[in-house]
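Below, each structure is written out as structure tokens.
The same chain A turns up in both complexes below, where it pairs with chain B and then with chain C.
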Partner chain A sequence: MDTSKVATSNATTAATASKPSKIGALGNWADERLGLAAMGKKNLRKVFPDHWSFMLGEIALWSFVVLLLTGVFLTLWFVPSMGEVQYNGTYEQLRGVHMSEAFASSLNISFDVRGGLLMRQMHHWAAMLFVASMMIHLLRVFFTGAHRKPRELNWVIGCLLLILGTLEGFTGYSLPDDLLSGTGIRAADGFIKASPVVGTYMSFLLFGGEFPGESIIPRLYVVHILLIPGLLLALVAAHMLLLVYHKHTQWPGPGRTEKNVVGYPMLPVYAAKAGGFFFIVFGVTALLGGLLSINPVWKYGPYDPSKVTAGSQPDWYMGWPDGALRIMPGIESEIWGHTISWNVMLPILILPVVMFIILLLLPFIEAWVTGDKREHHLLQRPRNAPTRTATMVALMTMYGLFWAAGGNDIIAIRLHLSINQITYFMRAAVVIGPVLAFIITRRWCISLQRKDNETLLHGYETGIIMRSPEGGYTERHLPLPASTAYTLTARHRDPEVNGHHEAVDANGVAAPGTGRLEGLRTRLRTLMWSDNVQKPTREELDEGHHHAEHEHELQAGLDHSADGHQFDGHHLVEDETLRGH
Partner chain B sequence: MRLLNRSAGRLSRHRRGPLAGVAVLLLALLSVGGLYTLFSPASADETAASADQVAQGRELFLVSCAFCHGQNGEGVRTTSGDQLGPSLVGVGSAAVDFQVGTGRMPMVQPGAQVPRKPETFSDEEIAALGAYVASLGPGPAVPDEGDYSLEGLSDEEREAAIVRGGQIFLTNCTACHNFEGSGGAMPRGGYAPKIRGVEPRYIYEALLTGPQNMPNFSNGNLSPDEKRDVIAYLGSLEEMPNYGGFGLGGLGPVTEGLAAWILGIGLCVGAAVWIAAHTTRTNKKKVDA
Partner chain C sequence: MSTPPVIDGHGHDEPVDENLPERDDLYANPGVHEHLWRPTDVDPKAEKRAERQVATLFTLSALCTVLFVVCYVVVGPDETLAGFGAQNLLFGLTLAGALLFLGIGIIQWARKLMADQEIVEYRHPARSSDEDRATTIEALNTGIGESGIGRRPLVRNSLLGAAGLLGVPAVVMLRDLGPTNAQVTENPPFPGSGITNTIWDKGMRVVRDVVGTPIRPEDMQIGDLINGEPEGIYVSPWDGEPLEGVALQVNKSKGAVVLVKMEPEEIIPGTGRENWSVDGILCYSKICTHVGCPISLYERTTHHLLCPCHQSTFDLADSARVVFGPAARPLPQLALAVDADGYLVAQSDFDEPVGPSFWERG
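Let's turn to the complex of A and B:
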């Protein structure tokens, strides 16, 4: 018997060993030395779930790759030096002007290096996209509850990536040494000097003497091309290793549990999707870089502390502390002959740090409030965690208002408003706005929960208007398909809260942890859950279906194909014929 | 003569025709326009302000300006001590040419900012108004075109003038008018207007007379040549191609950030939705096992 002709799989033809190919031989050679096959067998088939919102982090990853590629190009020509030179390049309006070598080389890249301006603009646009996509990724994670156990540390890494990306952006737009970037460094110098006692010393340390000195550009350059990118790379790697280790979260649905991942394998599906997405992000960056002017340094001219331009703003991600600074009332106090500039310290040195710490701690605060120690791999819809969703929307509102305040002068001239009135409005709005946003979002989520229950119990609206023999009109409701109903109900019930902390439980056992903090925790738990709408119980569902069946019986005579409800997207229509009764 | 009579008769026959009115109107407009171009004053400097012109200017002034500026241009104060209209003694015809020529005066209502609008007066009337105001006291005259053009300079001198103008612009003007002359905000609803595309004469006059919140750059402060250089630099920005692509209004990082979010993130998220919506297709052919 020729054993080579015996089928070893359940396919139709027997598997036979063909002649080893050259590539196979090479693969074998590598496998014997690196053990790739065992690793690849597991990882190439790694499954990822499919949803558009899971690809937002990828935008950040790919724009980071674009940043690395274009950044390497720029380093080849950029001269990080504040040595003074006379410009004699192509750009006529600045020919003969004295400037730093950094600025001269930026002009050189823009006008005399082939493709240089495109690379500069792509680099800058990619930086804007990098930070923006990290933020929308962060929002997606928080709104869907993907920051819960076991992913809290990955949340922390993500936050560190966000703050490092922001700093990387700041050092980047400071490098060309044009009027705008110099103004930014000047502002940074002021912020450092606003810190009490040590401010002046820190400024001297950073600038190697009095501002501007000659060391700041070379120092920022090292930070920008070596220190922060290195940290970013390491943290991106850690972020993704943890992603692989935890496995990706997924939306609940039939067949999806806390213990599996339903989706497509890395090879060939996700390799193609993610690889394709890289080219799309690259393409978008190239499109922006090729068509839209960004940071036209030649128009700003070289930095000179005696000059400034209207519309001096930082890049968008530094805009919100700038906005806080712009609307801050001018408060100062003097202690033993030292001025404490609250007007600079509060909005720039304290507020962003506090906000960042809050962001960092969000998963831990939530876990403390809920006391939830379970692992979560199934996502929550934002409406099913109304208080959490409302918290983030409140933070977003605060951010957005500070952000808008950072563009107060542009808003004033474009919308013909008074910059003073914008400032007064914003001072109140940054406090009132988030509170309103919290209340509205929370109630909105609860209403949506109620709507889900409504659909579960009474069916969905078919759009078919029924006329009863008495002449009354009703809209016909039909029960949801089982899979949709499952998806809607695949969530935990929230624990019951009664609003006050009990030191002793029903069995007379002392509750763990008492004291003021525990009281706060109980109040927060109440806020978190008390108004939520819980999914219907089995009895309620049964009753709802029973009721619906009764109604269908009454409408039985009218139940024929021509009513068209089969084509509403909730039913299989293979055997249906339109008007075929 | 007979020929003339005959043709006159022919014309006369058409005098009540449907197009006759239009034809006569066109003829009248053409002759008035032609005569106007022949006799209109070339520039304030060339023709010394005649007494007639001053008189005409005074007439116009009394009708359109005196309510706020006073019947002799002495300025008017409100009962609360605020200035309704400032004194015009010594502002010169340059100020009139700027304010009236750009349509800012006569203003529609008092407010934080007098906006530019279509002008109310003809060039001739503006010149008359200018002559009248100049007669109130010595002040800067409307500049000559030679004052702000680079005519007669060699290429090298032109380039040097533009570079110098750029540096003066960045030192003195950008703090309010923005690095590209796109304009900027001033306190309480005021603003430094956009100065891209403004006629050189008006820029020169604005520098000379310091309208509204703008400081006055006298000739001792910025010499006439330096004023000319600033204007030349602004002109060179106009002529320069947009090297980086569409300029997003020349407003700096705010509009760039908007573009990054709306276009950049919009396109990328749109692509993500598209990719996620197009997933693998299984081969429906059944395997016969």
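Let's turn to the complex of A and C:
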């Protein structure tokens, strides 16, 4: 076929209308009132770079939209009342049972409203997806260094979205007033009562008197459908506006610099891909809601404060503080006639707040340690910031261990282990695990950096094994294609860190300040950079190339007509000009 | 319209910080990859095929939507399909089909048929230009100066005071969210009100959970555990009527107990609790002292009671001492006696508050 010119059908003719159209007239009407053209000029062809990992935040955004849509549907039938009624609906096993109107209406939605169960299950699945994708998106951002200047505030907004999303989930699964969620609220009452000084007052005000009262469901309802969604919407809007203002980060590569952004235009490609992806996220939640049962409240039955089920667990994203609560030793102290419940306060009221503050501050801590005041729009590979990567992996490990501790009873039953031993193990593991994870990850990253240098200096493995006349076998290495070599080396060298206590910058000037804080900073700088492998110097690179040429000469006599490029997947074969075949 | 790829050969082109090493590039920036035409760009057959694929996907989506409506009308609530509830399964599958085919179709359209040249846009620093900054600061200073807020501290301070004070009603008005513990203890709206007491009282029978029948000591065998309730929730000590609504829920959440019977010689009675048991029958609050879950998992050979929420374990033979887990205090014990009719009754209310700890507990 003729590949020298473009087919006539694609994007070659200007989209100028031959005569004034109705759409044009409408556009004119709107622009004369709203000035849309000025905005459109800037944004319609706005460039978004392409990478699969940039899709994670999109999952969060779209699952939030699914939550709004399915949530509105549910409000049409849900009755947020703790008034007692006798159930007379379709679900036979509970007919005649006394329950709150909230639980009865949840049964009604599940059994008597057509599509109600689907919407309930989609709502719950989308909530899980929402929180999970926010977390993974957060990890992606941190691991690639996208939280650095100028995006620190967007990181803060993202963290607020995560915590609000988690609270939104908790208030949401508490609403049906089933036995499981009621147990969750009861535990929450215990947490509140453990607050020093004001605990009892807060509990009585929140529950409208003594637990359980009859106010908590309507109050959680208004928080769930008005207060938090309003905040979430506002913060999502701010998150998006900042994204548009900063323009998306991109991976380094040919033609990509700190001053440009390379990718596809918003209209049409990005709009189509993102819009299409909304339907995919929506469709996947529909599939989950149709096929996989979630939170079958009719099996738990209505809340009764004298009953509980074994294996009581919150939704997974509330699991880690619950795990901390489980492995905390039972310490309580009495001071001047007042009780302080360390066993509840530390794991539930203090630990999550501390973890959240650490999360919020990560970009600022890093900027303080590195002293970096430049804008960064090119992403880093996780291996090229070993200490940062190791920090997040340590936090993830701690999270994971706390989370596993939240299922210690399930682990004990499934694996036939002693719950006591699991608990003792976890007490140690949440301290030791993160330290180990930090060390291993940091060294792992450094090894990967070394591997990159190896490839740059000695070429990549072609998979072609050659036999010498003496019978020895060698694998042929070939130099990397120019674009790959450029991408691998398109990064900074880390500042030199001199010995243990004194950091000097590239010009050999000692870091200023000698205070205790400055000492800490110096030590952290050392930790940040001291063992990192830098990309090769020009001399090393030249030497490497000489060496490769020499080796090539030695192998020349052994050459087969195939030079290796045909099989390596790094190069296009000469006549092959089309992609996708 | 296609924008030709920009070949940017000027190195890395980025901001510099004099305290950090500048980026040295070992290779010249090769510039954006040359654009390669896709089969659908150069082969009309491939293009037509892609077009048909996209249209087919959209058609399948529409078909699923129609099927959804058909299912909505046709499928009854009790029908099952392959062990699933037919309604939920069919609604879910048809809706998922309608959405997924639409989404996949749009993305296929974008990937195969829409122009796929990468284009380059230039970034601007997030900060405003020096000129903008100067103008803004000047405007701000002019505005502040004209308002006179700096020159008239009396106006400024009284404004701040008045506006700040408006926060007080916002907090004060939350006061009626609920009564305090002191209020419900002093003027109980129903029997058993207040965080430090329960409905239990001298002579109140322990009755079986759910059915509400009283219990004789001889009804229980060694090793038995019975979930009990105060009789007062069935027969209010105030008016003899059963409790309802909030009164019932609150009293269930505080008054629930467990009765266990063990060999009398296995019991290690606490100080002053020597006569709290009847024939080896002991009675404890069912509400965990950790965060308040009702406890129910009993191991009869060890007399251990385990909380299913956070695994606090209590030794019921030894005044419900905590033997494992995060709870800090033993379960409160209810002193038992037998009334004239031979039924188990309480000697009094619990001698300490039940449930989780709180500041004023002491």
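Details
The definition used in the following text is that the second predicted complex is superposed on the first by the 533 of 581 C-alpha atoms of A that agree within 3 Å, B and C clash if a C-alpha of one lies under 4 Å from a C-alpha of the other, contacts with A are read in each partner's own complex, and residues count from 1 in each chain.
Just so it is clear, a residue touches a chain if its C-beta (ideal position, glycine included) is under 8 Å from a C-beta of that chain, and two chains touch if they have at least 3 such contacts.
Note that this is a predicted model, so its numbers are computed, not measured.
Between chain B and chain C, C contacts the larger number of chain A residues. In the superposition on chain A, A:208 makes contact with chain C only, while chain B stays out of contact range. When both complexes are overlaid on chain A, the residue A:196 reaches chain C alone and has no touch with chain B. Of the two partner chains, chain B and chain C are each touched by A:420. Within the superposed three-chain model, A:47 lies in touch with chain C and out of touch with chain B [touch as defined at top]. Of the two partner chains placed by superposition, A:472 touches none, neither chain B nor chain C.
Contacts of A:316 after superposition: chain B is touched, whereas chain C is not reached. When the two complexes are overlaid on their common chain A, residue A:276 makes contact with chain B and with chain C alike.
By the touch criterion stated above, A:295 is placed in contact with chain B alone, chain C being left untouched. Looking at chain A, you'll find residues 10-12, 111, 117, 121, 264, 269, 273, 276-277, 280, 284, 287, 290-291, 304, 306-312, 408-409, 419-420 touch chain B in one structure and chain C in the other.
Chain B meets chain A in the complex at residues 112, 159-160, 162-163, 166-167, 170-171, 174-180, 182-189, 191-192, 233, 236-237, 240, 242-248, 250-261, 263-265, 267-269, 271-273, 275-277, 279-280, 287-289.
Interface of chain C with chain A (complex): residues 1-2, 5-8, 12-33, 36-44, 47, 72, 77, 84-85, 87-93, 95-100, 102-107, 109-111, 113-116, 118-123, 125-126, 174-175, 177-181, 184, 189, 193-195, 209, 227, 229, 244-246, 249-250, 252-254, 256, 286, 290-297, 308-312, 322, 324-329, 355-362. Touching chain B in their complex are the following residues of chain A: 10-12, 50-56, 58-59, 92-97, 110-111, 117, 121, 125, 128-129, 132-133, 136, 179-180, 264, 269, 273, 276-277, 280-281, 284-285, 287-288, 290-296, 298-301, 304, 306-316, 319, 406-410, 412-413, 416-421.
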